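Both complexes below contain chain A, partnered by chain B and then by chain C.
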Partner chain A sequence: MRVLLLVLCLFIPEMLISRTIVVAPAGKITSLKNAVALAKDGDTIIVKAGKYNSFNTLINKQLTILGQGYPVLDAGFKEECLTITAHHVKVDGFIVKNSKTGAMRDYAGIRLHHTAYVTISNNKLLHNFFGIYVSDSRNIQILNNECKGSAIQMESGNGIHLWKSNHITIKNNYVTGHRDGIYFEFVKASLIHHNLSEKNFRYGLHFMFSDDDVYQYNTFKNNGSGVAVMYSKRIKMTNNVFKENWGSSIYGLLLKDISYSQISNNNFIRNTTGVYMEACEEISISKNNFNNNGWAIRVLANCINSKFIANNFIANSFDVSTNGTLNLNHFEHNYWDKYEGYDLNKNGIGDIPYRPISLYAQIMEQIPQSVMLMRSFIINLMDKVERSIPSVTPESVKDVQPKMKPWKNL
Partner chain B sequence: MKILICFLWICLSLSACNQGPEPISYGKDACAHCKMSIMDDKFAAEIITAKGKIYKFDAIECMTDFIQENQEINVPEASFLAMNMAQPGNFIDAKKAYFLKDKAFKSPMGGNLAAFELKQLAENNRQNPDWEIFSWDELLENQQISTVLK
Partner chain C sequence: MMFKIAKYIIFDILKSKVLLAYTLLLAIICTSIFMADADVTKGLVSITTVMLIIVPLVSIVYATTYYFNAYEFTELLVSQPISRLHILMGKYIGISTSILLAFVLGVCVPIAVFAFSTTGLTMMATGALLTLSFISLAFWASTITRDKAKGIGLALMIWFYFAIIFDGLVLLFLFLFGDYPLEKAMIAIISLNPIDLARILILLQLDISALMGYTGALYQQFFGSGLGIAFSLILQLLWIVIPMILALKIFKKKDL
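Now for the complex of A and B:
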């Protein structure tokens, strides 16, 4: 107890001498740069509303920097706006805008390099090349920010870009008009939740070589090519919405070289392809809704040991398609609105198996031009015949226990 | 009328024998190897096979991986093109190019390769101490240096 008191006594004066520095357009200190130069570790800087030029202001001390009434930090397309290299920094409540656009360097609105325990919250990042750029860092919180890119395709970098970092939390942000909304490269053990990423040029969310991450409760809407998760392991994707990603080679969720991952409780609505899987291993896809997609799932033949359990497939043009035989993948307990079987023992499970790959889907794989025959009488007839006497569609792909009624509360 | 028909005929015959590279439409075309849409005009690549079929790639490492997996397309009649780092948006012949591997060049698939017309140019553009320069044949022979990171 005594020791504790002694320690407290030692620290209280230290806490008392931490100061608050006020920056105002008409005040004593008129720029953030000067305030940082005057400040010591542990100080607070309050920036009053107004417009400030900020040409790569370096924050190399442990500071809490708060904006009051959204002060504007403008880099005037000449430089980056803020660079944070110190630990324990908080930047809250700013409008950060107009970073330089460059071919060789990735200029950013707010850059974090080689740091830890930094919080970036409640900021608006407008017309930056890259919005928030984090490299070589850990334990970073990115909360409640709004990133709006330049909306010019060749001049846009990623909204929230992370490279070689770990233990990052990205929560409640809105990203639009960038190349990739949120981009992960070599990022481990991180969490992305409750974000909205829409109308970005490439992907709403893009994973490369990043393992052990979780993303949940996000909405990815109307992005150039949906969401891509590539060359990663142990990714958990739950409770997200993938919506309205339309066009050739555009996917709600593109999985390439992914293993040991879980995809559950997501909604895939109105995408050209809901989920596209290539070279994937041990993926569990369960309790998802696939509504109104062109292809609900496209699984290439090089995927193994994936399980598709208890999903709803409703109003998709094609439920499942593949380019091969799909021997080692398992379908069970899904609801398929195209199922025409019966349930004599009334246990809610259809008595005959459902084959999700239609003959027409197989033909489409080989001859994409045959799309013009879609919904024609002859195609329906062929599909019916194939369903009753399967000969061309892969024998192994079937749901032996299809649900009669859709799953509720998904 | 005759002139019009003549003109149409010429147009048709010219369009039929187009064997050159096809420009990449950024944001729309997808890489033939990794399926990502091609966005960056500094790293893209293209193969025109002996029969004239075109494959587009978002990075040089995707092109070399694709060749490793489809050895049959690697014949002398096929042309291999890589973006000229010195002039983004312009293709150069990959067989004659020099490839700088330097982590300053963050290519989309982690290969960090940039193509230059001359060895001297490649050397001038190096930025980090652990740079390396390869010729096209070296790149294809040693899959380790150019493969997509896994």
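Now for the complex of A and C:
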């Protein structure tokens, strides 16, 4: 009996603390704002299906807020929709839409400011200026959300925007119709994986000053300017797909001032330029597939000590191009479909080096109009002569051990 | 009457082994390129390179040679009450049909089998137009002179000019005037060469991503649009019609 009483005494306060508040259009509580006002830390709010106006609802308590049957939180283009400032909040299963657009302030569908241990999952963010906006936060999980922007250039902010945060996980999200799909600035030690970012106006993924981040299994497709990453260290980008980023000065992956990073097992397919590298240092690019790009790799002469190992270069118009005559990067064990050497000892490695920079690529560098002469007899002839007696192309850029057959399972 | 002459010529050519050899050569090149490489796009690139060299060469040389070899037959026809227009057009139709037949068997069939796509179809169409325009040029070269050696020499010169020298001159021109905006001028210059026109139409299919970069995007925009395709097709047709008209003019007044 005593034990039972003790157990009851232990549980009753627990039950009192963790209440569940239901919000429904025809119920006692009809808005999320009222529910938050009534709730205490640790409560659960369940929002039933329906349409709710939500003009910057502030969530400043530790709450679990669950939507049932995708209730709609509509900011009516007047304000932000949700702002979360408390720790340990979960927002799940909502349609968040119509945040205000503005030139002075970045209005967002869901804003997280100065918080930690927040989970934003299974939401649909439609027609917001910014989709999810995270600042000064840590240990945030952003999972399975769908951000669809207005698809009007002047009224689009970033899909998922992070500023000065760390330990963020962004997983399984879909972003389209925004300015930048996923935007990072000063974000450290974060993991971005299994996201799809397509048809955004500017970049599919854009980050600056964000060190020690990992990007895996993402797809960046047909974005206005591809993917741009700048001024960061120790980045790991693996198993991503960069696809169909077309147009002048549009890159599958643009690297500027990136150092000590690893780029491996990615697929670069049908981009104007697969990888563009400027002022990069100590980057390892290995086991990637470069298929059907205009320029597979464009590495400027101010990049040093980067290694290109065991990649496949197939059906690219140009494999490698550069702007200078000296290039201090290393190529090894790649498969080049344009390689015409032989392998006498049958060890699978070509006996003569391959020079990935063709004379024509160098000519194109100086006279872009000569693109009209591509694949003409005279160009082929000049390339052949240059390959056998190199005089104009950088002597240092060569793959001494080119593979005869493409790498499998990349 | 025109078609009757054409028919005689077709039967005559089909009996000769030269055209058979040409067909086989094309067929062997195309099939072996496709067989050697699993990558169809790469195969198409190689075939383009080969096609843009061999097809004009064989077309122009064969047509010129045949024209001179059948010179006595022409003289006989002229003595008959047949208009000279019909005689020359009959010859043209006869020769071009047989060479086109070789092209269809040697190139179109392998492409249709291994790489049936928009790119493949573009290659077939441009290759056929290229064949026709070089036969036209052959007729012009043959009517302009009476001497067989001179005629063939001229034909070879024409091929050499369009296949190699022209692009070299364009490259030189680009080097010299590279500082000026040459994009529009380039389109005009390119239309002065049927081989380049054919090459660019194929290029638009094969190297789209490269053409999207820097200045290429402009050409892509122009030649990729319906208007641009119409423009290049019309120009290719002009390259068939104009040399033929010139040849006819000469042939009508010529003292054989």
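In this section, the second predicted complex is superposed on the first by the 393 of 410 C-alpha atoms of A that agree within 3 Å, B and C clash if a C-alpha of one lies under 4 Å from a C-alpha of the other, contacts with A are read in each partner's own complex, and residues count from 1 in each chain.
Methods note: a contact is a pair of C-beta atoms (placed from the backbone, for glycine too) under 8 Å apart; a residue touches a chain by one contact, two chains touch by 3 or more.
All values reported here derive from a predicted model rather than from experimental measurement.
Residue contacts after overlaying the shared chain place A:278 against chain B, while chain C stays out of touching range.
With both structures placed on the common chain, the touch criterion links A:294 to chain C but leaves chain B unconnected. By the document's definition of touching, of the two partners only chain C reaches A:378; chain B does not. Contacts of A:102 after superposition on the shared chain: neither chain B nor chain C is touched.
Once the two complexes are overlaid on the shared chain, A:225 sits against chain B while remaining clear of chain C. Residue contacts after overlaying the shared chain place A:25 against neither chain B nor chain C. In the superposition on chain A, A:254 contacts chain B only, with no contact to chain C. Shared interface residues of chain A (contacting chain B in one complex, chain C in the other): 247, 249.
Against chain A, the residues of chain B that register as touching in their complex are 26-30, 34-37, 39, 41-42, 88, 104, 106, 109-110, 148-150. Within the complex, the chain A residues that touch chain C are 246-250, 270-273, 292-295, 314-315, 317-318, 337, 363-364, 366-381.
Taken in their complex, chain A has these residues touching chain B: 103-104, 106, 153-154, 179, 185, 201-202, 208-209, 224-225, 228, 230-231, 247, 249, 254, 256-257, 276, 278. On the side of chain C, the complex with chain A involves touching residues 39, 41-42, 45, 48-49, 52-53, 163-164, 167-168, 170-171, 174-175, 178, 182-183, 186, 190, 195-196, 199-200, 202-203, 206-217, 219.
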